[in-house]
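Across the two complexes that follow, chain A remains constant while its partner is chain B and subsequently chain C.
And now, the complex of A and B:
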C-alpha cells in the first residue's frame, strides 16, 4: 500500500479501485455497488454534478483516476444522506465522496485544491486550530483572500452590509477573537489526529 | 425405542395453495392418507388470485380445476379449511398435531345459492382483492372456491343482520353458534407449505404506495386485470377509474435491497412483463415503461422477454427509481437517474406498479414444527436433520408456480420416505 493512489497502466486495471476499496472511508462497501442509480437519482444536487456518485463509482472501477479525483461530484455533495439511507447495498456514498475529496487535495489535483470547499476547509481549520472556535471574521477573511488580494477585497466589500447587520444584532463581535479555555487539550487532540493521519499515509488503516 | 411404537403413515400438509394441494395429491395418489389444512375459507392460495399465470398464461381456474377434480376423486385426501396448526409434538412416524379451526358459520349443507349474500347488507373489504374492492359480509370466497361454500365475516355475528342472513338460507346451512375449535391429529410426516405474502410496500416510504392511489403493487395489478376483480378486468386508475394507458413497472421494489428483502424474489421480472402484456392487450395506444436494475428472465421464460422486447410501446429503462411522488395534477411521478444516459428524469404516469417481492407467510414467526428457518424465515432442513418434516413451494424459498409444484412433488416424496422408510 502506498501513500499515493495508483494510476492505471493498462486497460481494465483494477489497481485504483482496489486502492479505493482499501484506503477510502467506506470503500470496502463500494465493491458491492450494483449500479442501480438510486444514489444519483436521490441526489438533490444531482444535476449540478458532472458524473454523480453512480457513474463516479463505475469510473473508479474503470481506473479513471485523474477524472475521478478532478470531478466536481466530490465537492458538490451536500451531505443530505438521501443516497446513504436508500442505497440497496448500504454503500456509505457520502463518506466515500468526502474521503475522495481529501485524497484529491492531498494528491494536488488542481480542481480539488482550488475548489471553494477545499479553500473554505483550510480557512475553517486555520481559525479552529488557533482559537478552538470559528471566528466569522477570520474564516471569511481567510477564505475570501485565498482567491487573491483583489478578489478577496472585492468579496469582503460585497458582504459589508451583512457583516454590519451581524455586528448590530450581536452575531459577530468586534474585539479580539474569543479563545476556548482548554487550548492545550485541543492541541493534544489535533496532534493525535495528525499522528493517525501519518500512520494512515504510511499504510494500513489509521485507527 | 421408536421402532417399538405404533407408527402413523398419514401425511399432513399445512397450507392449501398450489404447493400444498400438489403435495397432498401426489402423496395421496401414491397411496398415502393425507390431511390438507388451509387457514383461509378456500383452497387455491395466491394462484387463485392471479389473472393469468406462467408458463402458458392460463387463467388459474384451469390448473386449479384439474387439481380440485383430483381431490374430489381421491378418498385419501381430507381437506380442512379455516384450519391452522396450533402445536406439534412427537417425532417422525408419530407426530401429534393440534389443529385450531376458526368459525366459517356455514356448514356443508351450503349449495352456494347466494341467498345469504343477497340478505347481507354490510360491506367488508374483500381480502381476495387485497382490499381493492368490497364484498358482502356473507360471501363466496371467490368464484372458483373449493369447497364451493359461502363464509360469513365475523364482524356481523351477533347483529340482527346475522339472523337475517340465517333466515334467508333455505338449506339450514348457517350455524351462527359455531365457535373456534381444536382437535388432534396423529400423523407420520408433515409437509410445510405455508407460502408467501407480498412484501409490505408501506416499508418503501419513498414510493408512497399508501398515499398515492395510483401506485399499486404487483398482486393488486393481477386483481385489476382479472375478470372477477374489482374493475371487471379493465385496467384503470384506482383514483378515478379512467383508463391506465401510461404505466410504469418498478422492478426490485423491496427486493435485492439490504434495507428490505436482501434476496431476489425471482418471479417479479416476469410478473411485470406479464403486466405489461395485460396493458398492451387492452389498449392499442398504451405505453409501458419497465424500470429495472437487470432483467432476470430465467430459462424458458426468456422467450417471453424476447417477445416483449420487440414491442415498440414497451420501453426498458435501466434504473432503480429513487422516489415516486405526486405530480401537480395528482398523477404519480417516477423520479431517478437513467443509468445508461445519465439523465435525471421525472416522468408522470397514469398507473405505477411496484414489483414487490415475496416474503414467507411465516416471516418473523417461530414454527411449531422442528425445522430450520434461514435468516429470512424460509423453511430449511433442521440441523440435525428431522426426516419427518419437509418444506414445499415458496415456504422453502422464492419460486414461481411451476417450480413450486416441482418442489411440492419433491416434498411429497420426502414425506413418503419418512413414513414408509425403515424406523430409526
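And now, the complex of A and C:
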C-alpha cells in the first residue's frame, strides 16, 4: 500500500477511488460493488458506524476522501467477516476496511490517530515486533497509559479484578515477557518488508 | 497410527488461552496427532497489528513462521487459534496466488537468509478433526460421555469465516449455520442446543480495547444461552472464550443481569469425554467461571 492518496480536486473526483482500486488490498474488486447493502445489513455493529460499508464505498467513488478517512466506520469493524462471505460480488469488505485504517493513520487524520484502535495497535505492535510475541500484559499496560498517566491508572484499577482472575487461573504469567530467539532475524525481515512497502509509493498495487 | 503435523500454538497459548493449548494437546494425543511446534514461532499480528505495523510487514510475520515450518518438513501447518489461522492462511494463499506478494515476501525473508516456496497447507485444527480424523474416530474415543450436559455451541467468526467453505480452507462447513461444533459436542455425549447465536461476534479485539462498543453483542449471546437453559457455552476461539468469560461481571453491572455461565473450549469437553484428568488434561481449573458439572463427569 502506498502511503499517500490523492486529495479530491473537484466535487466528484475519481482520483481517490482509482487510488483505492490500485493500492488497497482487495480494492480492485471495489469497482464491482453494486450498492446492494448486504455488507451493512450483515454487520453486527453497522448501526453504530458513521456510515456502513455500502455507503462508505459509494463515498470513495464520489471522491469524499476526508469523510471516508475520518469516519468511525474503520474503528468499529470487528473483523467478523460476515460481509466478506456474503457479498454477492465477492468484494473483500473487511480487508478493504483494514487497509483504509492504515491509510487514515498514516495520513494523520485526527479521528484515526486518536482512535482506540490506533493506540491499541501501537501497543500490540510494540510487543509483537520487539519480543516476537504478543504479551497481553505489555499490550494492555501500554494501551491503558497511551491516554496519559491518570487515565492509565484508572483503567488499570477498573480492570484489576479481571487481571487477578487471569493470574489466579494461570492465564496471566508473572515472569518476564516471552520472547523469541530470533528477535534480530525478525527485525531484519520486517525492516525489509517496510522498505518494500515504501517502494510502492506513487503507484503500483501494494501488498 | 500417528499423523505428524506442524503446530502453530499462537501467543494466547502462553497466556489467556493456555487452557485451549493444554486440552488440545491432550485430545491430539488420544486421536493420534503428533503436534510438532514451529520452532521459535512469532506472533501473527492478529486483527490489529497492521494499523501500526503496515500490511506487508504483517504478512511478513506469517511468512517467517511459514519459512520455518517448511524447514521442518512438508507436513501441514495446523493452529487452534482463529486469528492465527486467518493470518497464516491468508499469507500462505496470498503468496501462492500473487506473484508480486510471493517475490516481495521472499525478498523480505531473504534479508535474513530465509525463503519460503508457498507449498504448505495451513489448516484450522477443527477442519483437521472433521476431515482427517473424522467424527467416527472421535466418538469411538469417548470413555466418559457427558450425559445430561446441555451445551450452547458458539462458533464465533474467524474459525469459519472467511475460509470454512473454500477449497483451500478444507470445505469443512458453511458460514451461516455451521454444524461441526454441535457435532463435537454430541460426539462427546452432551446435548447441543439449537443456538441461534452460534456465529455471533463478541467484538474480537475491539471488545478488548473498547468494550463499550461491543458489550451488547456479548450480552445477546449470553442471553440466548441462558434462555436455552444451558450448563455451559463451548467455543473453538481463544479470544471468544476470554471475552465472554471475563466481561460477564461488567455485563451484569451494566444491564442488571445475573449471568454466571461457564465458557469452555470444545477441546476441554472432549478431553473429559476421552477420560482425561479434569485439570491435567482438560485444564478446567483454568476457567474463571468454573464448570462443576463437567468436572463431575471426569471423576
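Note that the second predicted complex is superposed on the first by the 200 of 207 C-alpha atoms of A that agree within 3 Å, B and C clash if a C-alpha of one lies under 4 Å from a C-alpha of the other, contacts with A are read in each partner's own complex, and residues count from 1 in each chain.
One rule holds for everything that comes next: contacts are C-beta pairs under 8 Å (C-beta built on N, C-alpha and C of every residue); 3 or more make two chains touch, one makes a residue touch a chain.
All values derive from a computational prediction rather than experimental measurement.
Three-chain overlay on chain A, with chain B and chain C fitting side by side and no clash. In the superposed model, A:157 makes contact with neither chain B nor chain C. When the two complexes are overlaid on their common chain A, residue A:46 makes contact with chain B while staying clear of chain C.
Across the overlaid complexes, the C-alpha centre of chain A sees chain B and chain C at an angle of 70°, to the nearest 10. Which of chain B and chain C touches more residues of chain A is settled by the count: it is C.
Judged by the touch definition given at the top, the superposed model places A:172 against chain C, while chain B stays out of reach. Shared-chain residue A:105: touches chain C; no touch with chain B. Using the contact criterion defined above for the overlaid structures, shared-chain residue A:190 touches chain C, although it does not reach chain B. By the touch criterion defined above, A:90 reaches chain B but does not reach chain C. Once both structures are fitted on chain A, no C-alpha atom of chain B lies closer than 7 Å to one of chain C. Comparing which residues of chain A touch chain B with which touch chain C, the overlap comprises 82, 85-86.
For chain C in complex with chain A, the residues that touch the partner chain are 11-12, 14-19, 40-43, 45-57, 59-61, 63-64, 94, 98, 100-101, 104-105, 107-112, 114, 157-158, 161-162, 165, 175, 200-201, 203-210, 213-214, 217, 242, 246, 249, 285-288.
Chain A makes touch with chain B in their complex at residues 34-38, 40-42, 46-47, 51-52, 54-55, 82, 85-86, 88-90.
Of all the residues in chain B, the ones that touch chain A in their complex are 206, 252, 256-260, 293, 318-323, 335-339, 342, 344. The touching residues of chain A, when paired with chain C in their complex, are 1, 25, 44-45, 48, 76-82, 84-86, 92, 94, 98-99, 101-102, 105, 116-122, 124-125, 127-129, 132-137, 140, 143, 161-162, 165-166, 168-173, 178, 180-182, 185-186, 188-194, 196-197, 205-207.
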